[in-house]
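The two complexes that follow have chain A in common; it is paired with chain B in the first and with chain C in the second.
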Partner chain A sequence: MSDEKKLLFQAKNMYKSFGPTKALVDVSLDVYAGEVVGLIGENGSGKSTLTTIIARIQKGDQEEMYLEGQPYSPPDVIAATAEGICMVTQEQATFEDLSVAANIFIGEEKQFATGPVVNNAQMKKAAKKALENIGVTHINVSTLAGKLVFEDRKLVEIARAVYADPKILIIDETSTTLGKRGRDILYSVINSIRDSGRAVIFISHDIDEIMEVCDRISILRDGHKVAEMEKKDFTSLGIKRQMVGREIEDNFYRNDYDGSFSDEVALRARNLALGCLRDISFDLHKGEILGVGGLADCGMHDLGRILFGLDKPDLGSVETGYGKRIKKNTDAIKNDFAYISKNRDQEALFSVMSIRDNICIASLNKLANGLGLISNKKEKDLVNTWTNELQIKMDNMNQFVMYLSGGNKQKVAVAKWLGFHADVFILDCPTRGIDVGVKAAIYQLLSELKAQGKAIIMISEELPEVIGMSDRILIIKDGLISGEFPRNPDLKESDLINYMI
Partner chain B sequence: MNETVKTAEEKRISANTVKSVAMKLYPFVALFIIVVLFSVWSGGRLLAARNLKTILTEAFRMILGASALAFVISQGAIDLSYGSAIGLCAAIGAISAKAFGPPAVFVTLLVGAVIGLVNGFVHAKLHVNAFITTLSMSFMLGGLLDTILGGGSASVPYSMLNWDSTWLRLITLIVVVAIGYIVFEYGKLGKRCRAVGSNETAARQSGINIANVKMTAYMITGVMAGFLAFFSLIRTGTSTSGTGDGFEMDCMLSLFLGGMPITGGTSAKFRAAIIGGLTMTVLTNGMNVVSLDVLVQQFVRGVIFLAAVALTFNRKTVAFIK
Partner chain C sequence: MNTNSFGSKLAGGIKKFLWMAAIPVILFVIFWVATPGFGPNSILVILNQSMIPMAIGYGMCFLMKAGMMELSAGAQIILIGIVGVQFSKTFGMPGFIIGCIVTGVLTGLLKGAVFALLRIPSMVISLGMCLILEVIGRWIAGGKGKMDLDKSLGFIGKVPYNFVIIAILGILFLLIFYNTAFGSHVRAIGNNEVVAKSLGIKPIKVKFLCYTVCGFFFGFAAILQVCYSNTIAAKMSMGSLPMVFKPMMGVLIGIELNRIYDNFLVNILVGELGMAIIFNGLMAAGLPTTIQDFVTGFFLLFVMLISANRESAGDAIRRIKLRRQAAKQEG
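Here is the complex of A and B:
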């Protein structure tokens, strides 16, 4: 089948190492005109490494690439864009202090310039058109990008990439940051590029999404390409097996439907109002996993921040089961609360600090002696206990967290709070951007914590995991709780979506 | 094919190792070079017994000053009011010494603590950035100092000069530096300062009381300003409008020469205050011993300041130093 198609891009025998870690070993990738190629694999399997080399964000140790039959080796991202390859990265890549319009035309201001002066009105008009191009009409191009919600910033990045009119658009793990509306926009962009005879390289951890969007996939594991599949051969289990390299269960959520928990309240939220949240009240009980779902910008992420005392609500209160008020982050810590932000790399972790310091930082009070001093041995014991328990893959505990893969980073964030012996866990998108293996480990851990009588709030944009893990589900819409659902094997995503939009 | 990969990889690793070892060694190398350079240049006068005593007096001030400032700089913050705080503490100390004698040390410590508290409060609670807060504070303190001294100077009772002794300095230096080292490297406070310097948002989300950590650090520099003001009084006998002038820059330069990154964070080490303080002392003293023109001295300081900052900060994590 491939023979009839035109070969658009070819990468041959690509190698890349980071220190002792081999990120890519002899990987090749062909991309044909008019197709969507999926790249899938666990964290650290080399997907992002391969695509960032293609987009020239970094260079391979050894590389050989052709675009439309011509050798392709531009020196940097700008040159790559000029040659027709553009990438939307996994990370946040908007300039917060610039307007949406300025973000879309960053580096391209010249086309609106007369001498040294940029014609802003003209640029805004063009920016508006670029957004409409991908079907976005709700974003004001004069707003600062930093004022937009995460999803809208990503849409701005997509508009920027599409405006460059690339022959190949690379989309790296973008859909996890998008809600339903954003995803629909993304898929229509992908379809229009495919239909116009160009191509898309698509990376996602969501196997169902990959199967739906892609025509063909390459599966990577530990820097090697282990398989290629055509659409007709796609099966969820087959893909997972290739990714992990061993048999895994198809269903990694909880398999019990006993949605019971203690009557004892661990956290009491009353009439919370802040931003778009208008009036949120609920009790979280010991031994309960409370799922919180809704659209990306419904305010559920702010709710997590309020519960941990990071944001002060305009109205309402957060209390422990014993009636102690949580007003500041230090109140939360004193009452053994734990919080992991959705924004893991920037907020939940210190990227340029060692694994050891990251894990110990929350527990300093518990580790210190009467003089406020902490012995090396106590720190090392704590770190060893939890890195072993969670099987964190690392060279040693003094390694910077920034060098770990996404899943292992999340494990460090979790280890920090397990070592702290938290009683109430406020987890915002705990499995965002991590692979199936680590996901399964986190779900397993949540079940264990529940069994130990810990109270857990899981805020998530992934409805399957909310349904699969929660004892009780709250759906937030228009700043209010629009629906509450007990654990039930017959509950379907569509039942929840009706309450979300 | 695997061969090529391996060599590239090995090159990278060895380059990184060389770089990190060089970064660790650089403060020691800088100290060594400066000592050798000025020993030769001064024809041995640098290390003569009489000059060594001067060096000790200077090193006492510089190392203690840098030690306290390490708690502020490791958070990625700055204290530009440090020198003027010493000036004001010394002036008020001199006036109160006329009334109480040596117990005036408690007055200087108290004044320093209050200055630190105000700095910390404005920065941490009112969220004014550290640069503006402490720069404004240095203007205010300078104004107060001139008002109190009325353009002249204030002297302490002559008997207080008897307190000054090399031994007192040496023992105080060792004790204070030992305490500072332990608190900075092994204490909750030091670890929290570095965490705030690494990522303030993550520190907050780990339950750290950011305002407390910031205020404590400014209290430390404030109290140290009071402490050094007292030692300045018993050595010189007077307080003038020039007391403490430029001390904040000398301390910062000490820390950067000692290898502390201006951005603070995890790679901030207490030894920077000790080694850098020594280097700075020898540099300043050496330039005086060889009778280098004062204007040239300022130029040299400027060049070294830039070079030390550029060398020590972590380029992987920040685009520019603010």
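Here is the complex of A and C:
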């Protein structure tokens, strides 16, 4: 099939190393006009490295690339954009102090300039058009990006990339940050680029999404390309096997369906109201995994922040099982609560601190001796335990977190609270950006935590995950609990969706 | 969909501007009521004294918004002034003005080049350059270590011409900060340098330009500084550092106020005016310098406190109202 198509882009024999880590070894990639090529692989397999080299965010140690048959080696991102390759990265790439319009045209202001002076009115008009082009009408282009919600900031990035009218658009692990509306917009952008004879390179850890969206996939493992598949050959098990290099069960969620947990309450939420959330009440029990699902903007992510004391509710209260009020996050931590934000880079990690510091930061009091001195050995043991348990790919524990791949960053965020030995876990999208192998490990860990009597709230936009792991599911719609479901083998996504939309 | 009409947006903008304008007005009224020697007669003095920090503040804002620390501004301005006065002796007024502006840009270029070449933290650069520029200034000033401007030239930096200079600088600041790609890139780098870099912005180049643009503003600041007393004295051993703190405090206040109103021109003006009112008010009250410094520091912290907690305070008030309503409904 591909042979009949026009070869649009070719990367040959790509190599890249970071110190002793070989991120890419002799990787080649062909992209044909009018197709969506998926790149899939475990965290640290080289997907983002390959695409950031193509987008010229970084350069390869050895590289040979062609765009429409011509040698392609632009010096930087702006030149790559000018040649027709744009990328939407998995990290937050908007500037909160700049308006939406300035964010969309950052680095491209010259088109609105007379001499050095930029015509802001003209830029805003063009920004409005750029957003409308991808079907976004609810964002005010004059607003500072810092005042937008996470999903809208990502839509601004997509508008920025699409406005450049790229021949190839690279989308790196973006859909996990989007809710249903955002994903619909993203898929419509992808379809429109494919239909116009251009191409998309699409990275995602969601195998179902990859199978749905892509025409062809390249599978990477440990910096090597291990397989290529055409759509007709896609099978979930086959892809997983190639990704991790071993057999992985198709269903890596819990197999038990008794849904039992202790009667003892670990967290009590009463009549919580803030923003769009209204009158949310529930009990979380010891040994329970309580799934919370809904559309991205239903308020469930705010609920996680309220439960951990990061946001004060307008009404209502959060208490521990024995009646201690959680008014702020320090109360939560004192009572052995743990929280992982969906917004990993801004709220869950210190990017310019080491893996060791990030993992130990929540546990420093527990690592200190009677004099308040922290034992070096205890610190190292803690880090070694959890980096091994979660298979974090790193040069050493003193490496800065900013140099890790997206999935490995998420693992560090998870390791921090696992090492803290919390009793109540509030996990907001805990497997966002995590590959299938590590997802399975995280689910296994959640099951183990449940067995130890820990109480877990898992907020997630992935319904299979919510259904597969929860003892009880709360669906939130328009800020209210619209449905509650006990664990049940017959429960389907469609049952929940009816209560979400 | 954007439902805000132009009218309501304008009204919102005016409301925020009035909030900003209220800060110096309230400060003025407080000192007017509390201090017998302070009143409408002080307005001209306050405005006059705010002009130099304002010119320095507009320049420093570029560096500070790009995430850099600048402590050599005083040394740079003294050197610029000394060179300007030297040129005025041969070329008169044009020599003074052009000498100051060109020296400002050249010293800015020098600092930018040092930063670009060494790539070390701006704090270290500013301390090193402070010492170096002080010595160069002292060397050019010669024996007495100070240079006097011909009295016939000093009018250019005095009322009302200093107001005209600041108005022109304000317009230039607005243009550069909000209407050029460079201005956007400065704010982007200050926000997230890694992301800015990944979008093709060159942080070193932008920071180099920050030093240069800052030097341009410092050129005007030096003109005002020299004309203020028709003389400029060289300083040694970081004696120029105190010149930095007042404008820097004004910029810090301006940056904090930006959370409420996105207009650095107005915010820095409010910050510098506020500082000048407090200094003059305290002086009129006959308070010793130690108390003046104490109150000034307190004012800075107070503005930061209000600005940083504005949303929290609003949330708390809303929460109390909602809880009362809920209690009534239950009752």
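The rule is simple: the second predicted complex is superposed on the first by the 460 of 501 C-alpha atoms of A that agree within 3 Å, B and C clash if a C-alpha of one lies under 4 Å from a C-alpha of the other, contacts with A are read in each partner's own complex, and residues count from 1 in each chain.
In this section, a residue touches a chain if its C-beta (ideal position, glycine included) is under 8 Å from a C-beta of that chain, and two chains touch if they have at least 3 such contacts.
Model, not experiment: these values are computed from the prediction.
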Ask   = Regarding the shared-chain residue A:102, is it in contact with chain B (first), chain C (second), both, or neither?
value = second
Query = Counting only touches as set out at the top, which of chain B and chain C does A:372 meet: first, second, both, neither?
reply = first
Key: Partner chain in contact with A:222 - chain B first, chain C second, else both or neither   = neither
Ask   = If you stack the two complexes on chain A, which partner ends up touching A:64: first (chain B), second (chain C), both, or neither?
value = neither
Inquiry  = If we overlay the two complexes on their shared chain A, which of chain B and chain C does A:110 touch? Say first, second, both or neither.
reply    = second
Ask   = Thinking of the overlay built on chain A, is A:354 touched by chain B (first), by chain C (second), by both, or by neither?
value = first
Ask   = First (chain B), second (chain C), both or neither: which does A:118 touch?
value = second
Inquiry  = Between chain B and chain C, whom does A:89 touch in the aligned arrangement: first, second, both, or neither?
reply    = second
Ask   = Considering each complex separately, which residues of chain A are in contact with chain B in the first and with chain C in the second?
value = 351
Ask   = Mind pulling up the chain A residues that touch chain C in the complex?
value = 52, 57, 76-79, 81, 89, 91-98, 102, 106-107, 109-110, 113, 116-120, 137-138, 140, 142, 144, 273, 312-315, 351, 402
Inquiry  = Which stretch or stretches of chain C touch chain A in the complex?
reply    = 1-2, 4, 9, 175-176, 178-182, 184-185, 187-188, 190-192, 194-196, 198-201, 262, 315-316, 318-319, 322-323, 326
Key: Residue ranges of chain A in contact with chain B within the complex   = 13, 15, 17, 19-20, 22, 25-26, 61-62, 308, 310, 328-330, 332-333, 339, 341, 346-354, 357, 360-362, 364-365, 368, 371-376, 416
Query = Taking the complex as given, what residues does chain B use to touch chain A?
reply = 1, 4-5, 8-9, 12-13, 16, 182-183, 186-189, 191-192, 194-195, 198-199, 201-209, 265-266, 314, 316-317
